[in-house]
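Next up, some structures in structure tokens.
Below are two complexes that have subunit A in common, paired first with subunit B and then with subunit C.
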Partner chain A sequence: MGPDILHHPLNRADGSATLSSNLYSVLAAVNGPVEVQRRDELPEEAAVEVNIRPASGVGGPRERWLETVVAAVLRSLLLVHMHPRTLIQITLQITKAPSLTLKGAARDVAVLPSLINAAFLALADGGLPLRNTVAAVLLAVASTGEVREEPSEKELAGCKSVHGLAYDNHGDLLLSESAGSFDLVEWERIADQAEKACRAVMAPLNEDGVVTEGSTSSLPWLRQELTDKAQAAIAWREAT
Partner chain B sequence: MAATMVLLPGEEIPTDLLPKSKKGTLTLGPGLHHTPPSTISATTPGTLQVDHRKAALWLEHAGGRYQPSVGDLVIAQIHHSSVETYSCALTPHTSFALLGQLAFEGVSKKTRPQLKAGDVVYARVSKASKWEDVEIECFNSATGKAEGMGPLKGGMLFDVRPAFARRLMIGTDKEGISKGGVVVLEEVGEKVKFEVAVGRNGRVWVDSGSVRETVLIGQLLRRADEEGWGVEAQRKAVKKALRDV
Partner chain C sequence: MANGTAKPTGLAFSRETFAKLTPAPFLQALLQQPDPIRPNGRSLDDFRTPTINTGSLSHSNGSAVVRFGDTAVVCGVRAEILLASNIPHPPSEDIYDNDVVERLGLLVPNLELSTGCSPDHLPGNPPSTLAQALSYRILSLLHTSNLIDPEDLRIHHGAPPTEDDLPDEGPKIVTKAYWTLYIDILCIALDGNPFDAAWAAVMSALQSTHLPKAWWDPDREMILCSPLAAEASKLRLRDLPVASTFAVFSTGSPLKQRREAESWVLADPDEFEEGVCTETVTAVVMSDGGDVGRIVRLEKSGGGAIGKAAMRRCVQMSQQRWREWQGVLNGG
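== the complex of A and B ==
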């Protein structure tokens, strides 16, 4: 099953979304294109600014690092040249984090897929020009070598390595962050599985608007959500 | 089926869905991006709409900030005045649109309107480019006529979503039925006298006999937008609200 999604929870932001998976909840808000400060202005493209706020306390070096990673993904996702000399501002507020204390890099990697997915939904809601559809997935390798998609808190705590990967609808890798011990053969296996999972969430729906591709375990939740939203937006057109 | 085809960002439009025009040219609207030589892909999730007569296609999308385009009627707020132009805000936090001091109907240097910061004008976008400042004007520069545009005095401004403003502006068909599915203004108009101006940038200006009625109309519009009322729900809400007046 996909995460819980709420579209446009914030009335005054240009685009917003909340995304709650089993581990994290993220509230994303997008404003743009807006006027940019002179020092951030780029002559040929829009500046992308990402602000991440943790569930408690104030942001520190960890949030700054997450911001750079998320901004790099979003910059390659947005058609920045369509709004030169402007700013696209993305604010991501983590509203729920696992109660258990994950250590070090695993903790940083685990939150990335939720951040990317929430940011993408908010950008889509705000109607900003996007090059591609993107989906991110979190994978954990158990000590037995078994790879788990969207692991539970317990699996995450006892795993050997965690991997956050994001693929777009053309199968290009946009994000690859890993933590823990693993070798290259293992990573390739993980990347394959991640690509399958990412493409499954945006797989085409069949005639009834439900699942196709029975081979994959996960539903195409991303496409379903965006399709439902687009159809709700033209309900007035059908009614008249 | 083409009417309900939903595209996600980055997906290409199947070539068999493209309208065929006599001139061999297509008009692309919002949400679509042309990659030479002949790929047209979506840049936002939305439903594909095709106008075969005009060989135009666009994506219908409900959200987002207003992007100025030439010919749009907007409600602009004066921010400050300079020698030749007024700087006006169309949407918050974007660079100002320029309104010429003489871009009004029948004015000369001596009779030009004296607008102060915060004043509101109904104007048309005359120039919109991603490289330059947006320009607006309060008269049709081809004919010199105001065509309903100009300073808006009194009244109140209400913010709605740009997509809702567009629905308000679509107008009515031959039988007088609203094509945008919004009947709030028509329904209220049967009981209460008021003036209204709708800006494509998601602003509605309302003026009526009393502040109470003005606020009531504005609130009805905002709630119709935010709560997504259908035609019947709108009628009901208007009836209920007018009972209290």
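== the complex of A and C ==
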């Protein structure tokens, strides 16, 4: 079971998507390639700008930090060399955040996977050339040592460490943000589990839409979404 | 040349010109040698040696200057009193202890890069995205690592027993005020790796912080502080986490085959290397009661060159680095 996804909710942006997981809802909009301000212009690549708006209030240092992390991941994903001297602008509006006040570590890391997934879907919707497919997951280690995938608010509030990881379709680790108290062995176990979860989300479907690879609980929702989109896009050709 | 003079031909670049014109191929040429050496003369795993000077600012409660290579950071801690009566929604007394520092915002770090420390950060400008992100990372790390015992920041008052109190109960202890620590970090010279330097400066400044003896005066209804240095108490830190940053230089590009990509992990990158590398890893390690293996924060973004094995090496180097820093932090 994956998050709720709505494609193209904004009709003026080049690409947009809403993604609602059990913790956060994010509305992502993408514009690009558009004209870039002189001081941000890069001679051989497109500049990537990420704007994050919190669920309430205006952005502060925390949003600036989240922006730098998300921008770094998206830069490694976009084929920036195809649009030199332009700008790819991504705006992420958080529309729902956990009502429970989470403690520092959990609050900082928990939102990242939702932001990455939403931004990726918006980029795909906008038709921007991408290098890879990416999926991000959130994992929490409970005080008992049990690892929870996509934890609930309560589990997150009482956990020992939180980990937000993103893998691409080649199995490369694109993002790893962990906070709390953990050791190397624990992190490696989490990285393995995260890789499995990310691969499961992108696992190929067979003709009946049934999972053929990996037998984890999570369905390949990302693959399904992208397949549906592609099929909708070529529907006109099939009709004629 | 034909007559054999030693003049360089017009086709050969000097080292500096090569580095300026094409920084990435220049770094790659150096790293591809059988015994890779970085432009600054360090080997791949070499960190710069830190020096610390504490207590250099006379008007702050604690201060430190940390320097490694051409990166130098000053940190000053100023303690101010937050009256409990001024808190709009005071936390209940039974709140889980460590939350108080975060809920009331008793630690306020702020990092300043607009000091003329590097040509990339113009002096007098408003805080750049990098400065804001660094400030927030420091704040978040201070909260995650639970360094400061909230008890140290409380100013108590034992209310005198009133007539309706039970006689065998001791005097009621009330928290009348809290110490708020303003941690100002100024980067005075920047040659890469501002986070490690800033974090080390915060650690040693907090370590050298002394809070004056403060008490509630019921007659004047205000907090009074003792001017005597002998009565001041030292701020205790539960641990001394150490941050280590690594940059990853990768030759991978979407125009090339994936398997052709090579990558190198550079410890403690300087300004030039940071300009060429997109991927960074930061590991923050602490002892947590003797066991050095604990990680408080592990951050990695910007590319896919670092996998599990490379991450393991980074963390192991950070743990080694932790031991080196303990000597410097405790000695200084």
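Quick note on the criterion: the second predicted complex is superposed on the first by the 239 of 240 C-alpha atoms of A that agree within 3 Å, B and C clash if a C-alpha of one lies under 4 Å from a C-alpha of the other, contacts with A are read in each partner's own complex, and residues count from 1 in each chain.
Throughout what follows, a residue touches a chain if its C-beta (ideal position, glycine included) is under 8 Å from a C-beta of that chain, and two chains touch if they have at least 3 such contacts.
Predicted model, so just to flag it, every value in this text is computed and none were measured.
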First, second, both or neither for A:R131, with subunit B first and subunit C second: both
Touched partner set for A:D168, first subunit B, second subunit C, both or neither: both
Touching partner for A:L79 - first (subunit B), second (subunit C), both, neither: both
A:R64 touches, of subunit B and subunit C: first, second, both or neither? second
First, second, both or neither for A:T227, with subunit B first and subunit C second: first
Partner chain(s) touched by A:F182 [first = subunit B, second = subunit C, both, neither]: second
Set intersection of subunit A contacts, subunit C complex versus subunit B complex: 79, 131, 168, 170
Complex contacts: residues of subunit B adjacent to subunit A: 4, 6, 8-11, 30-31, 33, 43-47, 60-65, 92-95, 130-131, 163, 167, 177-182, 226, 228, 230-231
Complex interface listing, subunit A residues touching subunit B: 8, 11, 14-15, 31-35, 79, 82-84, 86, 124-133, 168-170, 202, 223, 226-227, 229-237, 239-240
Parts of subunit C lying in touch with subunit A, wherever the complex brings them together: 99, 102, 129-130, 132-133, 135-137, 139-140, 143-144, 253-255, 258, 278-279, 288, 293-308, 311-312, 315-316
Residue numbers on subunit A that touch subunit C, as the complex places them: 60-62, 64-65, 67-69, 72-73, 75-76, 79, 81, 103-105, 108, 131, 168, 170, 172-184, 187-188, 191-192
